[in-house]
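Just dropping this structure here.
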Amino acid sequence: MHLGRVVGTVVATRKDERLTGCKLMITQPLNIDEKPIGEALITVDTVGAGIGEIVIYTRGAAARHAADKLQSPIDAAIVGIVDNIDVYRDLLEEK
Amino acid sequence: MHLGRVVGTVVATRKDERLTGCKLMITQPLNIDEKPIGEALITVDTVGAGIGEIVIYTRGAAARHAADKLQSPIDAAIVGIVDNIDVYRDLLEEK
Amino acid sequence: MHLGRVVGTVVATRKDERLTGCKLMITQPLNIDEKPIGEALITVDTVGAGIGEIVIYTRGAAARHAADKLQSPIDAAIVGIVDNIDVYRDLLEEK
Amino acid sequence: MHLGRVVGTVVATRKDERLTGCKLMITQPLNIDEKPIGEALITVDTVGAGIGEIVIYTRGAAARHAADKLQSPIDAAIVGIVDNIDVYRDLLEEK
Amino acid sequence: MHLGRVVGTVVATRKDERLTGCKLMITQPLNIDEKPIGEALITVDTVGAGIGEIVIYTRGAAARHAADKLQSPIDAAIVGIVDNIDVYRDLLEEK
């Protein structure tokens, strides 16, 4: 899974009917310093995440499991809201 | 899922028969500012998207679900047409 | 799916028996201007593609569906031979 | 599978219930010289890995198999603790 | 599938029991000129590959099929030993 921040929403009236009722949230991937990395993606929220929250998201079939919609076009989903990140920074330094 | 813009079409007469009847659209990935990012890919349209429209596309098995062709070689599909993108830009700034 | 050009072949006598009889073609990914992008990969040909032809290839489980070998180690397959690519180039310019 | 080092943990109280009881470890990918490469990801520990240990992690459905939670949102898991890496460095030089 | 060279081995005593008996080989991806590209990964050998050999490897579920261990954490496997690579280099030049 990956860290991200919910930064927006997407509205699509014409869409696959299995996406109806799904909250489509724009999630910006973050590194472990909570800085943006790479490009935002469209995730389905499964845990009631709000704009600005730091979340855990998952990709691929894991996202369909999260949304309990196995037969759907979902390929990314928010599956947790982060309370705390503990990083042992000395372990990240090249040795 | 990802944002993209439909920028063209591909014609292939000799192809896997399970692609017959599929509209093969060239979709250019976009960032949340609607600027092109990375390389275009070939997607199957499942929602009646037109050239120039901003769409949501999905990849992998999710694309076969979207096309209702689980036993097919499809690995990318357009699953929604974007009406509106709302981004809280202050959340994207490094803190 | 992606655009590519068949640029060679690979011979492997010792291999997974489920690859026996598969034509292993080296496919160079192309952008929509038909220029090489990224690194070539080894694809199984399912449509009779010839050296030099521009093709559509697919990846992952989609490739096993294409080859009708669901229980095989195939993860990339050629699924179409491109006749024509129509790109509306003005749509690719940043706005 | 990939090499990584466990560098931290993530706490998420509100999360997919199928993640309850899973240890969410931050794993930093390493190259074969044990130097950090790319961005850290959130993995589920299935082998009792400790902070600082060099591990093998796997991604996608393989991670759900590792965790014996096939119907879960897990897409990355630690599946081994590395005792030793043997690299024949002369084979890595360009020829 | 991809080209690679077997450049080493990994030993992990504590690991997912479904990896027991699997030879964990470090495989360095190669381009079609047999030069190293990107980072090495840990693959399960299914064809008796030796250190230094140029191989074909596969990723994802395809790797579990190769190893005949569908319910395992394997996500990369060596599936062939390359005898010969034939590349038509003029096809790789930009036109």
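As written, the chain order gives the labels A, B, C, D and E, with residue 1 at the start of each chain.
Simple rule for what comes next: contacts are C-beta pairs under 8 Å (C-beta built on N, C-alpha and C of every residue); 3 or more make two chains touch, one makes a residue touch a chain.
Worth saying up front: this structure is predicted, and the values here are computed from it rather than measured.
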### Message
Counting one step per pair of touching chains, how far is chain D from chain C at the shortest?
### Response
2
### Given chain B and chain D, the chains that contact each of them
A
### Query
On Cα atoms, by how many degrees is chain C rotated relative to chain E, nearest 5?
70
### Query
How far is the middle of chain B from the middle of chain C, if each middle is the mean of its Cα atoms, in Å?
19
#### Entry: Averaged-CA centre spacing for the pair chain C and chain A, given as whole angstrom
31
### Message
Going by the contact rule already set, what residues in chain D reach two or more other chains?
### Response
60-61, 63
#### Entry: Chain order, ring traversed from chain B with chain C following
B, C, E, D, A
### Touch list for chain D against partner chain A, complex
5-16, 18-19, 24, 26, 28, 34-36, 39-43, 51-52, 60-61, 63-64, 71-76
### Summary
Per the touch rule above, chain E residues touching chain C in the complex are 1-3, 29, 31-32, 37, 46-48, 56, 58-63, 65-66, 77, 79-89, 91-92, 94-95
